[in-house]
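A, B, C and D label the chains in the order they appear, each numbered from 1.
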Amino acid sequence: MNEPREKYFSNLSDRERAIFEGGISMGALFHQFTGTPVSLETADGLESAISESIKLQPAIMDVEVHIDRDMIRKTAGEFGYVSLTGDMLSVRLTVEHGSERVTVRMEYLEELRYPLMYIED
Amino acid sequence: MNEPREKYFSNLSDRERAIFEGGISMGALFHQFTGTPVSLETADGLESAISESIKLQPAIMDVEVHIDRDMIRKTAGEFGYVSLTGDMLSVRLTVEHGSERVTVRMEYLEELRYPLMYIED
Amino acid sequence: MNEPREKYFSNLSDRERAIFEGGISMGALFHQFTGTPVSLETADGLESAISESIKLQPAIMDVEVHIDRDMIRKTAGEFGYVSLTGDMLSVRLTVEHGSERVTVRMEYLEELRYPLMYIED
Amino acid sequence: MNEPREKYFSNLSDRERAIFEGGISMGALFHQFTGTPVSLETADGLESAISESIKLQPAIMDVEVHIDRDMIRKTAGEFGYVSLTGDMLSVRLTVEHGSERVTVRMEYLEELRYPLMYIED
């Protein structure tokens, strides 16, 4: 770990670094891809493209993305597709730095009426 | 063409309608997907996902997207990927309405220093 | 109108050009700004910033943006803000090219369950 | 802190929580606003709108955003504006949770050719 960027992170533990990178990537995912047109036919391909692009980011080992097909079905308007929103998304990021690994989740929680991002144990 | 939305377009010729829908979809494509992390390995999949999502929009018959691999190579930073920008994108949309078909292009033009969107004959 | 870009538009009438530029800017507005966090307190400022940025685009003379405060109130979750969605937006673009002027509208239409973009006379 | 969401964060220290929320908001800022048309005239207003919207997010106390005017000047094409990119942005977020406060930075680093996000002491 003697890459030039590492000097910027000497004030973080491995666990803090994994939490930070996981937060960045979850915020990125939400704000990059919400708004994308999606239908029942294209949901598989969009899930893959989201996963592949977010896996490029630092410390991200794995990305599972699920787009809720029932919500597409229920909210699709006359044209058969919807704009992707946060409440259709369920995401799990596996993030590793040094010897530490954390799992970052996003899911829409009815009780909060909010797509919550949190660390899953 | 007796769908409810068509009454909103009675003031447009078929050609004007195709030009309008093509403009919307090109603006959508640019502003939805620029910023997406992309590498040499993920460019194919991202091109497909962009194409599939934009094909969902009204009147869009075909979408060809090309991401410039040389620009990825030249601008990739320490982490091996870049954020997609307009000057890496070359796009051709085939748009049809009624009996009219137009081709909408976007390409970065060095002479303008600008990713120009225009109608190709 | 002897700027270098104009040669790319010799195949469009003034009205077609205005329709094309209006479509681009409406697609851009929707896909750039949906997802933005917004509350009752920040809606004014966000409307202004959207308007100012879209007015920079070619041929756009005026941009009126309205974000539905009732929808913010009704959908705000525990944290007091929402992610901007297309059904909260009502937009009117005034677009001019040469001697032609068109008004491009976007509004959410309950009958279509869709934020429709169309040309208003 | 007996709000319903807090049970999701019982596995994080106050400092880890601040780091997580700061990461989310920095990723959000980058991916929401890159691509926005901006000129020398609209840069002030865009900085304010970005700041106001990101301050709505959990735990974010203050947001300073600076858009590099020299880069706008140098890269503006024929139309006098550019699409906002990460290398034009310098951002400082002040994040607080419980008794802990962290400062999250984003700046473009020439040595990395990358807009790095890190925690500043």
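We take it that a contact is a pair of C-beta atoms (placed from the backbone, for glycine too) under 8 Å apart; a residue touches a chain by one contact, two chains touch by 3 or more.
As the structure is a computational prediction, the values presented were derived from the model and not from experiment.
The interface holding more C-beta pairs in contact, when A-D is weighed against C-D, is A-D. At the far end from chain B, in terms of centres built from Cα atoms, lies D. If you average the Cα atoms of chain A and of chain D, the two centres end up 18 Å apart. Per-chain CA centroids place chain A at a distance of 28 Å from chain C. Centre-to-centre spacing of chain C and chain D amounts to 25 Å, using the average Cα coordinate of each chain.
Residue positions of chain A touching 2 or more other chains, listed in rising order: 4-5, 28, 30-32, 35, 78-79, 112, 114.
Taken as a graph of touching chains, this assembly is fully connected, with contact between every pair of chains. In the complex of the two chains, the chain A residues touching chain B come out as 3-5, 28, 32, 35-39, 41-42, 45-46, 48-49, 52-54, 56-58, 78-81. Put simply, chain D touches chain B in their complex at residues 30-31, 34-35, 75-79, 83, 85-86, 112-114. Note for the complex: chain C touches chain B at residues 4-5, 8-9, 11-12, 15-16, 19-32, 109, 111-112, 114, 116-119, 121.
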